[in-house]
Amino acid sequence: MTHRIAILGASGYTGAELVRLIATHPEMRIVALSADRKAGLAMSEVFPFLRHLDLPPLVKIDEIDFSNVDLCFCALPHATTQEVVARLPRDLKIVDLSADFRLRDPAAYEKWYGQPHAAQDLQAEAVYGLTEFYRDEIRSARLVAGTGCNAATGQFALRPLIAAGVIDLDDILIDLKAGVSGAGRSLKENLLHAELSGGTHAYSAGGKHRHLGEFDQEFSKVAGRPVLVQFTPHLLPMNRGILATVYVKGDAKTVHQTLENAYENEPFLRVLPFGALPSTRDIAGSNFCHLGVVGDRIAGRAVVVAVLDNLTKGSSGQAIQNANLMLGIEETAGLMLAPIFP
Amino acid sequence: MTHRIAILGASGYTGAELVRLIATHPEMRIVALSADRKAGLAMSEVFPFLRHLDLPPLVKIDEIDFSNVDLCFCALPHATTQEVVARLPRDLKIVDLSADFRLRDPAAYEKWYGQPHAAQDLQAEAVYGLTEFYRDEIRSARLVAGTGCNAATGQFALRPLIAAGVIDLDDILIDLKAGVSGAGRSLKENLLHAELSGGTHAYSAGGKHRHLGEFDQEFSKVAGRPVLVQFTPHLLPMNRGILATVYVKGDAKTVHQTLENAYENEPFLRVLPFGALPSTRDIAGSNFCHLGVVGDRIAGRAVVVAVLDNLTKGSSGQAIQNANLMLGIEETAGLMLAPIFP
Amino acid sequence: MTHRIAILGASGYTGAELVRLIATHPEMRIVALSADRKAGLAMSEVFPFLRHLDLPPLVKIDEIDFSNVDLCFCALPHATTQEVVARLPRDLKIVDLSADFRLRDPAAYEKWYGQPHAAQDLQAEAVYGLTEFYRDEIRSARLVAGTGCNAATGQFALRPLIAAGVIDLDDILIDLKAGVSGAGRSLKENLLHAELSGGTHAYSAGGKHRHLGEFDQEFSKVAGRPVLVQFTPHLLPMNRGILATVYVKGDAKTVHQTLENAYENEPFLRVLPFGALPSTRDIAGSNFCHLGVVGDRIAGRAVVVAVLDNLTKGSSGQAIQNANLMLGIEETAGLMLAPIFP
Amino acid sequence: MTHRIAILGASGYTGAELVRLIATHPEMRIVALSADRKAGLAMSEVFPFLRHLDLPPLVKIDEIDFSNVDLCFCALPHATTQEVVARLPRDLKIVDLSADFRLRDPAAYEKWYGQPHAAQDLQAEAVYGLTEFYRDEIRSARLVAGTGCNAATGQFALRPLIAAGVIDLDDILIDLKAGVSGAGRSLKENLLHAELSGGTHAYSAGGKHRHLGEFDQEFSKVAGRPVLVQFTPHLLPMNRGILATVYVKGDAKTVHQTLENAYENEPFLRVLPFGALPSTRDIAGSNFCHLGVVGDRIAGRAVVVAVLDNLTKGSSGQAIQNANLMLGIEETAGLMLAPIFP
């Protein structure tokens, strides 16, 4: 059976990545694409790399007949999303890729996003979309909130460790390196090739990055008490990929064993042998997350490195994985594409 | 039905690309992988990006039982290939990705490759693997010789024009821009990131590049008389992709119409509207070739631009396309992966 | 003696490159910097890489007291430049880096730039700034018009050949590869790192690029009869550098000898031994232009390759070279910085 | 007065960078260049970007007449250096860029480099070349040992903090991001453009990187008691530049003030305003090091970010700075080149 899919906000990178993945998905078919400012254009005019596909034209959201849609991916900007989702049919399955429904607490949302939430009932209903940890809730959810890409990377490294109580909860540090597609198709000076290539810098350092809202919510929930981590993201001259170097205090072998146990049956999460560390090059374009653990020369300290593709496992691939569950399809359907290298 | 596949020379980029594509091919299964110097290793040690696949270990060629193999891809270096292929079972279907069987004339081979051919009977038997122009021969071939990646790009731009007699045969110029993966996984100073990134240069200029042997053979055959083209390749700081800017003397609209007519039913060749030109970014990682035509301000001159991914349509994707035909599978099976962008 | 320098339009790449070069120029001192939209900021806020310099703040043009300025570099956008220059003191020495005064013929200007010229008297007065060919005029000029960066590259390859009559004037083809800084600090989608890196495309193909106006004017003047060339620029994933592959019909050795003779005393132009070709990597960040010549396998055809850094020899370095002449300074002063590699 | 300079090991990146910088140094002249395996070649054959310079040919070390040399830069590989230096005239001033004389303790050398030191008397004599902290010793030294590039970056961030006692000495973490030129002109698979570009990975994690030997030696000396830091380097797809993100426990404002005070008169070290963080793009090709400090949301924790160009301030620029002192020249001579951007 083929499920009918709509994508709202198809003119951004996560929208295009959804189309790329659905192009070879055996049980999904795109029936509607929206892009407000580019309505009227063909998708191939906005993204010529999708030229070979037979796709519906870009329209405004109001032009879509949702009665013909089984599931809707919402890849709209933060803040506008909550208003759009509030107007969608109440029985439509929705996977949202924005930040609007990730935080359950209205106060936390307001703190990190600078304004009150406009759809608090939906906020309460939404299931957090980190598939491997919310599988059952997602299966029966109507509205799933895709995680931040950085937030997903850090959580894959840390959730089992926090749950198992094998690390010091008061001294967790995430130094993260991110490719530029995570910033979206935004016209900003520092995203120009001439400015970005050949160098690196830290940003939102010292506890200012919004994905900390997700870390705080989830890690505190897992631990059963408040957990605050340090988090410094860096922008790298590469298009795809996130590498999180996570510093913890705990026994390195125990840390490794805990991750291995937690993920041994996970199709997309791979824990490398103890001492081996992963590269973002090995997961580009795929839905895989690779993790490695090494002990420090200072006893009782360990380094966990996690890598994933921000557009795939960190966003659109995760979204399809969640949609598969919501539609009763095999969880891995359409997502076993091998990474691309070189 | 699943066909059993062997890949000889799996430790190079074209070998790895074959594995990447076969990973999601519905009717092929890899049963043997060889890599002489890396025999004994797992494929995931040589290419960690393939870590998620359940693959046979790398062995030496002599360790492979070819009676269990339906088709063998041969991704070995030039020159050694002809000796290896000569020793393979005579009834084994072979798609060769090296340069060894591309040139039909032993004298031409010796001229371009600097030594006599060691398997002239096989050279005579081999079918030239430019699928779109040798489909019928490939279907019934035992040994297919994959084309040079540059040679494929130039031919897609020019064969229909030469066949139709719409351009001046004595003034054809191919200025080609190639990504670095075409040079293979070779340890050369000029392929280091520190040396290659951020700059460009021409190489093998003035008629010295070996792919000219293919252009001479094929264009002369199509034209029914000798055709010599000018050809200058340039190395660009990008990993995948070839862009051929082809300068011809002829009416631009006729040139465009001729290409459109020639390729209107081709699943992988896309001719853009007149005046639009393609980008390598739009075919990366895919088996597609995009072509565009623009007229020059000087009447009677046209520019044709063709782009493809050297590792896919220019090599391993083409090889699988040919294998599909040889095995009686749908020609596009496993090859409809969308390009990856950004 | 130290000459007092003003730079108008200091917030773009050519403005910043002027500052970079003047920072170690022994006889120039920056006394004024303008940037209309960024007036009030420090230069180090707009370009932190200039943080170590003691520079005047960015102001609006009208705030500059030109009586304290010996020479003014004008790095403003095309079209607005002519109005600004018309309002500057009539005795101020000006080196303009825009396109506004490159074309001497008002009709040619209107054809290529789409509007009538607003300062035709200045247009008539301006000297074309290709230093090596206009040295004497530049020495005594008040207003010098810097060349297009592509136009400079092509002319270095071709002017001596056209002047000497050693090539066919009706079959000249320039296939050019350009780095992205030539497009300036413009917020355009196709200049984003995520869009530009890892691929290439042709643009303004078929005779539409504005630098053709310069080629037409200069080559026709040198030849004493109309000369029209073919010209296709390509955008490459690199920040600095232009490589022009120039195809001519003529004897290759004669072509090489002609260039060697023409440039043997030039401090910035280097002709490589016959058969050797240059790389953009070897001139990055410097005022040098390297040229190479190779013969084609088809007798009577030659390939000339010229490389330079678009921001230095193609723009700001050229501008300082011209300013040196206008101020009576040693022509190479401040310009002998070695290229940077890797 | 012009000092006569020899460079041993001129065919590597640090050797070439020395030549690049000396090319515009007002008081140094290169009289000898060695490169064992490339003896007999011109420097321009090994590094065409230096083509414009009039340089002595590459020779073997034994062919150099050191009686005509005032100072010798030694840019040879680790381990072979100590034997070469032991054979040089005892009155020759030497700046060594290898690791051979950085560690004062023979046991520490053997621990980190895996073999006993072959010239322990020289090891005892050598002065550690971190100019800003060893100025007086360097002025009168005969043999100066250039620091590791990572070691320099980390020390600029930490030495004043350790000396002032404003941070917890038992919880210092350096997460470092390094460009690829630091790995030298080595033919390794993972340094190929096709392998390195577009991705990142950690290496020598957990306390295995040799530059830890320098951190241990220097930080313990400054603190007056053993100090062990955590250190994880990452390889980034960029050619030049190191960014060290240093996590400390201490009051952020105090940390900032301490660095500001320490470096207020340093010509090459710039501390940004509190809260601002530097980018490697802003120091590329220059001898500058920029530092920034930000406080974490968790009270009592601070992040210090330091950036420098590994080939310049991290190696060859530092070497010239030291040589200037040893020769009695102005410390900044030849080193005030502006960074290059973009």
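By letter and in written order, the chains are A, B, C and D; residue numbering begins at 1 in each of them.
Just so it is clear, a contact is a pair of C-beta atoms (placed from the backbone, for glycine too) under 8 Å apart; a residue touches a chain by one contact, two chains touch by 3 or more.
In this text, all values refer to a predicted model and were calculated from it rather than measured experimentally.
Between B-D and A-D, more C-beta contact pairs join the chains of A-D.
Ranked by separation of Cα centres from chain D, the top chain is B.
Separating the CA-averaged centres of chain A and chain B is a span of 36 Å. One inter-chain figure worth recording: chain B and chain D are separated by 45 Å, centre to centre, where each centre is the mean of the chain's CA atoms. For the pair chain A and chain D, the distance between C-alpha centroids works out to 39 Å.
Multi-chain contact residues of chain B (touching two or more other chains) are listed as 13, 181, 194-195, 197-198, 237, 239-240, 278-279, 281-282, 284, 342. Taken in their complex, chain B has these residues touching chain A: 13, 16, 19-20, 23-24, 47-53, 181, 198, 239-240, 270, 278-279, 281-286, 288, 290, 336-342. Note for the complex: chain D touches chain B at residues 13, 180-181, 183, 185, 187-189, 191-198, 237, 239.
Contact residues of chain A toward chain D in the complex are 171, 173, 175, 177, 194-195, 197-203, 205-208, 212, 228, 230, 232, 234, 236-241, 243, 245, 247, 252, 277-282, 284, 294-298, 301, 303, 305, 342.
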